[in-house]
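Here chain A shows up in two complexes: once beside chain B, once beside chain C.
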Partner chain A sequence: MGQGGERRKFLAHAVQGVAAAACGGVAWNALLVQQVHAVPFALRPPGALAERDFAAACVKCGACVVACPYGTLRLAPAATGIPLGTPHFVAREEPCRLCPDIPCAKACPTGALDREMKDINASRMGLAVIDAENCLSWNGLRCEVCYRVCPLSGKAITIDPHPRKLSKHAVFVPVVHSEACTGCGLCERACPTAVASVRIVQPSLVQGHVGEHFRMSWKPEAAPVEASPEPPPSAPKPAPAPPGKPGNAPGLDYFNSGSPP
Partner chain B sequence: MSAPARPVRHFEMPGTFAGRLHARRYLLARRLVQALVLVAFFGTAHWGWKVAGQPLLAGNLSAAKFAGAVPLADPFAVLQVLFTRHALAGEALLGAAIVLAVYFLLGGRVFCAWVCPMNAVTDAARWVRLRLAVRDVFAIPPGVRYAVLGLALVLSAVAGVAAFEWVSPIAMLHREIVYGAGLGLTSLAGVFLFDAFVLRHGWCGHLCPLGAFWAVVGRGAQVRVAFDDASCTRCGDCLKACPEPRVLHFNEAARAGMVASGECTNCAACVAVCPESSLRLALRAAIPTPPTPTSAPAATGTPTEGTTP
Partner chain C sequence: MTSLTRRAFLKSSVAASAAATVGLPVSKAVLAQAKTAEAGWAWDKAVCRFCGTGCGIQVATAGGKIVATKGDPAAPVNRGLNCIKGYFNGKILYGADRLTQPLMRMKDGKFDKKGPFVPVSWQAAFDEMERQFRKAYAEKGPAGVAIIGSGQYTIQEGYVAAKLMKAGFRSNNIDPNARHCMASAVAAFLQVFGIDEPANVYDDIELADSVVLWGANMAEAHPILWSRITDRRLAAKSTKVVNITTYRNMSSDLADLEIVIAPSGDLAVQNYLARELLARNAVNWDFVKKHCIFATGPTDIGYGMRPTSKFAYDAEKDIQAKELENTLDEAEAIGQRRKAGEKVAQKSRASAGAHWQITLEEFKRGLEPYTLDYAAKVAKGDPDEPMEAFKAKLVALADLYADMKRNTMSFWTMGFNQHQRGVWVNEQNYMIHLLLGKHGTPGNGAFSLTGQPSACGTAREVGTFAHRLPADMVVNNPKHREITEKGWKLPPKTLNPKPGSDIMGILRDLEDGGVKFLWVQVTNPFQSSPNANHWLKAAREMDNFIVVADCYPTLSGKVADLVLPAAMIYEKWGAYGNAERRTQMWRQQVEAPGEAKTDVWMMLEFAKRFRLADVWGEKPLPGLKDPAFPEGRLPDVLAAAKAMGYSPEQNLYEVLFATPENRKVAWPDPVAKGHGNATVKALGESWFVEKALFEEYAQFGRGHHHDLAPFDLYFRDDVRGLRWPVVDGKETKYRFVEGQDPYVKAGEGFNFYGGAFKAIPTGTLDGVTDPKPVPLPGKAKIFFRPYAAPVEQPDKDYDLWLCTGRILEHWHTGSMTRRVPELNRAAPSAVLYMHPKDAEKRGLKRNDTAWIESRRGKIRMVVDTKGRNQMPRGSVFAAFFDESLLVNKLVLDAVDPISRETDFKKCAVRVTKA
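Moving on, here comes the complex of A and B:
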């Protein structure tokens, strides 16, 4: 009985210990998961890894904050929706000045920021999105402040003339191009409307993706080179390859050439 | 069984200012070191302090760079990141190795008593607790911290983020002081109330996985509290002063000539109150090995041997 009692006692203790660890672990894990899977609202320093990898690698040491010569970066305080203590910036308050030597990324000891990054213009901290309803330029004023402050103006933001419905004067509207926009936030900082009408957001929150299904063959740079390698006359099969001009992309057919086959 | 050879004297706080200063010399030294570390981080972050043209101490206790050249990193934080299977930059690994080496020599939990910003909070809670004679609400074994340590590593792998770093009240308090970034007061209040009114020495002595990590590292520490068994009268003042009383085991200390446990923080609170100066901080190499009590017969002229309860 004595040994059985000892064994039972030991087992009970072991079960108790495991149960206590499991209780604590589940609660602790829930806390972590909530933060890790938070909506990625934060604008991260240049060269930051994708949000989940960033969350794993960043030890919240603030070396990037110290290295930033403009006081742009800060560690996230509580109750902002941004994981506590991680570095970020608020574009409207202090945007990234795109230092060519990228001191913040170089200061990162863990590699949460890409220390090897060479070209600051290759950084993608976010994407400028224009609220056309409130943008002064879109409303017909000659504002264009965002275009003029943009360090990559002409590439990241262009001014496109649009014909106006009511008068003969054109409307000059700013248009953002995601392939060049770094998300530095200088436009958001400079926007003169009471609440900025151009905002930097994480591309994943606003940017769509066309996918493979739709073909916009009139965009020459987007079109695949050639669907069928054979010369056009020797193609009697009902292939989707168009009998139009040779070298046409798929999608171009007799509607484009004007003459039915 | 065997009575002490000499009458038991107890520690008395000296009446003079200089005497009190001397009695509190280790406490003052610890507060000074803690403050210096914080000020070095704060001054670098806010006032641009430099040494040789480079930032003095950029970062915080999680990771930092001294003089733009020497990387430093919290080995426990780095270990957690490794458990997330994220490939760390070499600088963090080198920094962790440097810090690990320093504390391996000084004693792992030297961090707890001499650097950790939470130490002042838990010391204050302890003071309040003694004043108000508070009793524990519940009891948990001090070894729980090792379970928390293991859990932190498991959860780092499961959740994909450094589990303790994301909830650490120490990191929150430290970040609040250095960068003003959030929840520092909450974590301070939480730990203070827990230590003062719920469980004696509850955070540092029972739960903190960082302390547990350093306790494991500190087993090979080269700075230890040396114990002179011959002069000790077993007055027990050291036990009352020690924040980790179970490390002060007279028989074990007598056998080893020192407090060998990795859980000893080298805070030297025991050294300061010992009325017989039987305890002192010393290099491990300089601590004489006591005459082997197991092999040699007990009668070697010292009557203090064998005070077992």
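Moving on, here comes the complex of A and C:
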């Protein structure tokens, strides 16, 4: 993939509001179910603009719906909270199959879907999150269906076995990785619990952000590209003192106030 | 409990990778509500319906329905866990299309082979069955009728079927789908130890330092055992897991060492290992000298195909011809100390299982060609792996086996068993463990896992095979027949001494008109048997009558003439025996829907329709040559029967099943604790059929190394199955070992007491030199078995290997699991796994549709280039659960000539873009 592709991949990330510093796995929690219901979230076709821009750019022509070979996409009917006539899909019913040639985006006449998108795996339609309380695998059953149906298994979903402790069995824990999850919904579709224990949600709803001041050094993305071979050419100057009133150095107020306990 | 578990779990989880789950406290009102709803539920212990692992479950019933199940926390096998199939045990009974009425092909109000299926009464169904059975029996004798049974039979079902066929109809044409599954394991057990079934137990997983998988994708096929191996690997850092396989599968995810071998490469690798053990002097000579001898057998044994091309499609004829004469390729020639290009007439086809004692020097001479270079060249399975890297893996494997300090468990399943040399390759593994003296002791052993829930408990122990009788006895041993005839109170010479047709034999008999009546029970052979086009056509177009008893519509039902609606597992009393000799029983929990009935009832009702005069007179048996019998005939035993007090007018139900002794076992019985009994109810009887027949059967094994506990003991609240032999109420963990096995005397150390094949001739690698049988009491045999090339290999027309098997989500042909919408959604159809470069070469990419064609058939499938199985270039894999794309149309029907087990793991296909 050329630089352009990388850039587009990056943009796709940024446009969809996925934090560039990807976190590891994301576990769903029951509290969020209610929030999701409160915020209408439509799974858009791959390559869609950010929601507000998408709604503005989409002319509701249905060309993407026609182009979808799996019948995944549909136009939103009235009173769903999703802007009327815009294309979306319901993962539990029919997920996105991640066609390598992306026929839906190619068919878009307006650019509401990125017609130039080359790598379907770079699409970010949503993010899979797992309800660890109800997930069969998290509870020790040998299920892992989400892992096996994931088109990016090993990247978007991995299995992280650890001891069960209650008995001499291991627990095969599925973990979602946002840096690879496209939000295609195949996992939500296939999850065998009565109500899916893995769902595709709006990433912003579940993703935290560590903060720029700290790097988790054990994670590959935190490692420097290459170690600095020697110290920087000139010694850094001491940091300038913060501006303050003359005669009022930082700390004076504290030292001079009251008497020690 | 739940929240505690969760918290404990979270603590142990890789905290960095998972955001903590908060979880709303379940409101007390909701909890109370749930408690009230569950108050009326009755819980009772039972067994999972699916694989050979044998997980214990608890079943809750309310209002005549199963309302919930749970993994049994007290069950030592699974401690409350289940796999995703087991999770749906309660749901498999309630598919929308459960069969509830007998269905028969009819035209103008009577049976017509070409007519459509029409619902009929049980009376009408039995009437036609009886008419058709009598017709076939009169025309062909006992060899013209057959039952295909199952490793999913309950013990009682298998016992009734075997007794009805062998003692009643005097036919040995009864064979279970277990023939497709572990017959090679059985033959190896009998040849090596003289007695069937493993010496070790699952507890050895927690004691092993090295776990070596040979052709066993336990991650999918034995999911809960895999949890135990994974836990062991996590808990003891020094534990190493090796996955020896023909393609990367889910078991590789845990493996420290993954060795991708070529089909049949296992034969070369194991001989290399044995050669290394000798070269490194890593042999436990004390053990070997005290407890073992060396042996070998013929190599020109054919491939279990038909000896004639009469029924072969034109494209099949080149492979079929190798059944009688094969040309050695270079690898096979070296491995058998012969010349490449030599044409070898397959002269020992009829005596494939013969074997004789050899010296240690001869054994070493046999191993001599199996150098690292040779083994690596023959066995390397991934063309993209450098030879040196592969050799390093073989050396690392040898290092693990040769390390005397490491407890070593080898596990295998279908990669070994479904193998044209399946018995050999099983025996090679015992060779390694016996040389090491690491067998049948805590943490050490060669462990044959079984695929089905009662392949051990029923198919093997009861003896529902074409050559077997209960408790490891066989039909062609006069002493065994005599014991069985006494036990069953039959006149001498009632039992037929000629082994019947195995499962592939029965299907071939349908095609050539040899079998005219077939009853299929608890299995779906027309989907699960290889080279399916032949048998599908034979079922519909030959003059025969096929009865299929099943709970759901299957392909086998579709090509049958009469379909009988069967009760499912928790709708009847039953017992299963798992791979570690653990016998587990369950009570009937609910009633079957509609007119569905238990298989036991069907057989007992059918038995009522035949008088002794119909079956115990003289019967033709073409091909019978036995000094004790007239040629080609079973003698009339009615006079002897009269002398024993029988009347020729008595029916088989009275004589074989509702005997005076069995009638004394009364129903109702306190052990039932109020549970029903569909068999007894439908019979309108007052004897406890399943208990009486279990106790009758158990008499054969008690005192003869196969002791089962009394029926009632298995139902005691604190019992979660018992591993036989159960002597004085005590189960046995390790067989053949002093202090563990009650049959081994003090001072013996080990005693491989099995009685089969325990007197054999003497010879060299090339043949017998002294035919006089030498007795070998208490000894195990270390076999030399050479490399043999697969009979069909990729060539320019069919350039890829095809392997087939199971997946985690579906059980066998999917007749139950595909009725569970959730499982169907999780794995809706089988896909063709292939290497991305192989796909690209054919203009294919992931999710494209392709044609897969072999010499035998052609199907369409969707291609997958990643996922659960990652194929090396040159190999493809397709699961067989999917009725809509019959993989078995492609598969070669070669079988191991000793065990007659099918090789589903290697044939040649070509793939083209559809």
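Note that the second predicted complex is superposed on the first by the 174 of 261 C-alpha atoms of A that agree within 3 Å, B and C clash if a C-alpha of one lies under 4 Å from a C-alpha of the other, contacts with A are read in each partner's own complex, and residues count from 1 in each chain.
Everything below uses one rule, namely that contacts are C-beta pairs under 8 Å (C-beta built on N, C-alpha and C of every residue); 3 or more make two chains touch, one makes a residue touch a chain.
For clarity, every value in this text was computed on a predicted model and none was experimentally measured.
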| item | value |
| --- | --- |
| Which superposed partner A:C108 touches (first chain B, second chain C, both, neither) | first |
| Residue contacts with chain A in the superposition, chain B compared against chain C | C |
| Partner chain(s) touched by A:R164 [first = chain B, second = chain C, both, neither] | second |
| Contacts of A:R97 with chain B and chain C, given as first, second, both or neither | second |
| Partner chain in contact with A:G85 - chain B first, chain C second, else both or neither | first |
| Which superposed partner A:V175 touches (first chain B, second chain C, both, neither) | second |
| Which superposed partner A:D53 touches (first chain B, second chain C, both, neither) | first |
| Contacts on chain A seen with chain B and repeated with chain C across the two complexes | 24-25, 28-29, 31 |
| Touching residues (chain side chain B, partner chain A) in the complex | 44-45, 55, 58-60, 62-65, 71, 73-74, 77-78, 81, 84, 86-89, 91-92, 95, 147-148, 150-151, 154-155, 158-163, 165-167, 171-172, 175, 178-183, 186 |
| Sites on chain A touched by chain B in the complex | 17, 20-21, 24-25, 28-29, 31-33, 35-36, 52-53, 55-57, 59-63, 65-67, 74-79, 83-85, 107-111, 115 |
| Touching residues on chain A, where the partner in the complex is chain C | 23-31, 97, 99-100, 131-133, 136, 138, 140-145, 148-149, 151, 153, 159-173, 175, 189-193, 206, 208, 216, 218 |
| Partner chain A, residues of chain C touching it in the complex | 5-6, 8-10, 12-14, 16-24, 71, 78-84, 86-88, 205-206, 223-224, 226-228, 230-235, 253-254, 808-809, 822-823, 825-827, 845-847, 866-868 |
